[in-house]
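Order of writing sets the labels: A, B and C. Residues in every chain begin at 1.
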Amino acid sequence: MKIHQVIKAAIAASAIALMMSSAALAVTLNLHNGSEPRTLDPAKQNGNWEDRVISDMIEGMMTIDNKGNVINGQAASYEVSEDGLTYTFKIRNDAVWSDGTPVTAKDFVTGLERLLNPATAATYASLAYFIEGAQDYNTAPEEGKPAKDPSMIGIKAIDDKTVQYKLRGPTPYFLSALIHPSMYPVPSHKVAEFGEDWSKPENIIGNGAYKVTEFVPGSHAISVKNDKYYDAANVKIDDIKYFFIDDTSAALALYRSGGLDIMSDLPTDQLQLIKDQFPGQAPLTPILSVYYYEFNQTDPVLKDPEIRKALSTTINRLAITDQILASGVKPQYSWVPPGIGNYEGGQYTPDWQPDGSSPEAFEADYAKLVADAKAVMESKGYTADNKLKLTLRYNANPDHERIAIAVASMWDAINVSIELVKSDSAGPHYTALEQGDFQIGRSGWGLDFNDPQNMLELLLTGAKQADGTISWGNNHGRYSNPKYDELIAAAGKELDLVKRSGLMHEAEKLALDEFAAAPIYTYVTKWVVSPKISGYVPNPLERHFVRYMSKAE
Amino acid sequence: MAGITSKDLVLTRYAEALGQATPTKGRSLTQDALGRLVRNRAALASIILIILIGLIAFIGPYFVPWDFSKVDWSAIRKPPDWAKGHYFGTDVNGRDVLSRMMQGTQMSLTVAFVATFVSVTIGITYGAIAGYFGGRIDGLMMRFVDVMYAMPYILFVIILVVIFGRSPVLLFVGIGCLEWLTMARIVRGQTLALKEREFVEAARAGGAGPLAIIRRHVVPNLTGPVVIYATLTIPEIIITESFLSYLGLGVQEPRTSLGTLISQSASAVESQPWLLLYPAAVLITLLLSFTYIGDGLRDAFDPKDR
Amino acid sequence: MLRYVIRRISAMLPVAFVAITTCFFIIRLAPGGPFDRERTLPPTIKANMLAAYDMDQPLWVQYFRYIGRLLHGDLGPSMVNQTFSVNEMIALGFPFTATLGLSAFVLATTAGILAGTISALNQNKWPDYLLVLFVMVGVVVPNFLTAHLMQLVFGVYLRWLPAAGYSPGSLLHLIMPVIVLGLAHAARVSRLMRGSMIEVLGTNYVRTARAKGLGERLVIARHALRPALMPVVSYLGPGLSYLLTGSLVVEQVFGLPGIGKYFISAALNRDYGLVLGTVILYIFIILVLNLLVDLVYALLDPKVRYS
């Protein structure tokens, strides 16, 4: 029966859309969304392909402007306690859900409780672990023990319009973490009515600028403007069609034929064509992210930092970014990507970083790095006739494959012979990395919020589990240095931003001087935006809300 | 993929015709058919073309200046350049397209022959055993074939890729293990018909074991269907391989195949046409040739014309 | 007749059951699982997810629970898509794939029969050569390549048709996908038709009909077409099941919401629930079509007894 409802809604929506378009009133934004959202439930979202649809529909306590700066969203104002551990928010009086129900403090409490409830099985629950009691509540009770009491979580509805968060330690990035969809409120009256089904397209409501009215899996979703949104007067686009097209060349064909206003991803091998035919439409500005290679440090060969050094220094990052990819990405030598907030002090630069001032200087420096690395390899017995054999893992993707081929060719010069191993998709690739079933593996990280903490915790020693095993999380290479862990722990307790940055810088230098991993480049945004669209400003988090955009016909 | 060529239908009809004709001595029939095949100009031209492509693919690499996995950092994504020895240009990683095409053709032909050989072998053995022993064994074995027919072929292929992804030859041994169904049915039908005939009865009375009878009296009578089956299966496997490459499940780099070369460059046809045109030309020539040979063989082995 | 159908169906069910069981276990052989993402999940969260989908149970328990639900017509949850259950996804995707497949089937079969007949009537003249060439291209060019090129020519350069995407109720969005999907089918039908038509035109009774002075059109329409169609008819069953189960590439290239696209992404994401759901659908399509073909054949050819 639900299907019928969806279809009916779809028919109704398309009829309305048709009427509106014939009246030449509605402005529709055709937005390429990449993959299909697996859910519209903000607690269960996994990535930007869900975030785009959700964040146009639901707004957090804090939100961002079109440049990516954190601004008040549903919050009218907030106060921070002196110790930085308690945040008290006042919700806007005109904040309402699209069905007219006012947004209350309870909606935020329910949102967080659902996120952390083990039964929700939310991927991003760990993001909220900086809230008091969050981690404990998210850990399922042992067999036979009763379910845990959600009141243990450090969130409280003081009154209908006041929410208080208690944090387990100083968290300078708390406000920017609140813009993450996992921290969004949910309409508690709808959750009470429909349970887990509240986020189905036919049930869902939002407190943001748009509301989903049609959802065809494998094809598209349509959101229409929410007139009850407090800032509706300034929302210029009437509806959004999100296209679910994984194949980027298909998306490009559609963009070229005028069927899309915005692409959120592009086929790298077609970039030249895009630049030629659509000058200025692909901004290619850096986003907060790193593409890197991990070394498995439990491997008898790779646990030797000298070998890791030889490998990392001989990755010709400039050749990869400028010749192989030629997609506007920039070489990266530091662990924390450039342009990050809450990180006073200069960027980490290794002493071996080749001189990038001129191609000749770079070539000379790089040649020396290769010669040094080759000497090190030979001193360890790896000669041209007896090469060091290593495997390099990546997941199926043209760019990953090309980088792997190029790096293998670079390492061939230092007597390392690489066997490439491709996984059919990201899931199995990362499983192999998690299980330590690799020697060198491709990895990438896009930051969830604008703080170095999100990047640096990737290299923490794993946590011991109840059964004695160690859970290494995203530290697939299993880098472990107690000094590093101490520095990060100290930074986590430090309230002073400058001192905190100092500790973090020290940790970053420590890990990279030991070649814990090999950063290769900083990703750039792959959005391509038609000149008809204004209000789009590239930002380092690559989050763009349609409420700021307008379209000229 | 099942159904990409109308292989099953062509063969079933052929087998029906064969069933109505009287089986004769295998050798003379084969020689007869070969003679007729050679007189078919399109088929002959196709045979010559395939031999030529095969020779270039397997011997050519010794005569081209660049190795298929060698990166030429000075020529990334460059059109044909005779001075540097990149006669067909270079790919996105600066590797020579001509030598990659040779390697890719080798790979495509190898996997196609491997899969075909495996499927023919299994098909003959399975069909002959089922047909020869008959009764409950036959019923059970054919029921299994029914189950296999009902399974979506592509699911198994994808699972096989996921399991054997690292070894293309092993992968196509696996694919061969899925392709034998029609062959088994035809062989079973032939065996059922043959085992009632006098010369088989005589052999049995003479104390020959089932294996010997199958080998000596059944298999030689299968030359026609086997040869036709094989020529139709080879292009089918090559297409399956290119389909898998399109899904990103192709052979592991640095090795390549015609399907991989084409699927990687299909979207960049405007900016780097040389990456698509040459491999596509070879693939299409190969597939056309195999189709013409298949047609020629069917005419040559046609029992009606005998 | 009815008894024959009932017997065939009762023979079909165990086949379907064995096939489903095999698929259930085979899909688990693939490395990785549905909850392996780009980011490592903390063990507590992964445990929560496994528990939410019964995947913390032994495999045989999961199997019996699955079969139990299946008997009630419930294909269970998708393990990746949390918005729709497998039943809902199939209910939305199958009508689309069926529309695509059936349109391609009708159009391509008609086109193939026509082309084959024209070819046969003009044997070894230029229309024949042209058509044979066209047909050969249809058979041997991989369909993802045809799709890409058509997208480029008709979508981007000429802008006659939408390059990709889908809009409910829009026929324009279906034109290119239907052509690409049907091309190979049309080519195969036309090859069969040409061959059998040439054969039939050479038979004595066609010669007799001609000798009687009947017009060429009448000879073909009344005497040649029917027998020449027989091999084509027997190919239609497998042909249709190929069109219904072979829409993966077309749906992928044109960004269309169909079963094939679900299947591919489910297989790559190890979405066991959705993979099994689509596979079960495919199994039933294949089995039902086989049955239909046999029935149609029995109706057309009185020699076949329901034995």
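Here is the rule we go by: a residue touches a chain if its C-beta (ideal position, glycine included) is under 8 Å from a C-beta of that chain, and two chains touch if they have at least 3 such contacts.
As the structure is a prediction and not an experimental result, all values here were calculated from the model.
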{"item": "Of A-C and B-C, pair with higher C-beta contact tally", "value": "A-C"}
{"item": "Farthest-lying chain, centroid of Cα atoms versus that of chain B", "value": "A"}
{"item": "For chain A paired with chain B, centre-to-centre distance based on mean C-alpha positions, whole Å", "value": "46"}
{"item": "For chain B paired with chain C, centre-to-centre distance based on mean C-alpha positions, whole Å", "value": "23"}
{"item": "Chain A-chain C separation of Cα centroids, rounded to whole Å", "value": "38"}
{"item": "Multi-chain contact residues (two or more partners), chain B", "value": "162, 266-267, 270"}
{"item": "Residues of chain C engaged with two or more neighbouring chains", "value": "30-31, 148, 152"}
{"item": "Contacts with 2+ other chains: residues of chain A", "value": "249, 423-425, 428"}
{"item": "Complex contact set, residues of chain A against chain C", "value": "2-3, 6-7, 10-11, 14, 36-41, 44, 46-47, 118-123, 125-126, 135, 138-140, 199-201, 215-220, 243-247, 249-251, 253-254, 256-259, 423-428, 430-432, 434, 444, 465, 471-474, 476"}
{"item": "Contact footprint of chain B on chain C as seen in their complex", "value": "15-16, 18-19, 22-23, 26-27, 29-31, 136-137, 139-142, 144-145, 148-149, 152, 184, 188, 191-192, 231, 234-235, 238-239, 241-242, 245-246, 248-249, 263-264, 267, 275, 279, 282-283, 286-287, 290"}
{"item": "Contact set on chain B toward chain C in their complex", "value": "1-6, 8-9, 13, 143, 146-147, 149-152, 154-156, 158-159, 162-163, 235, 239, 242-243, 246-247, 259, 262-263, 266-267, 269-270, 280, 283-284, 287-288, 291"}
{"item": "Interfacial residue positions of chain C with respect to chain A in the complex", "value": "30-34, 36-45, 47-49, 51-52, 80-84, 88-89, 91-93, 148, 151-152, 155-156, 159, 162-169, 251-258, 261-262, 265, 268-270"}
{"item": "In the complex with chain A, residue positions of chain B that touch it", "value": "70-71, 73, 76, 92-95, 161-162, 165-166, 248-249, 252-254, 264, 266-268, 270-272"}
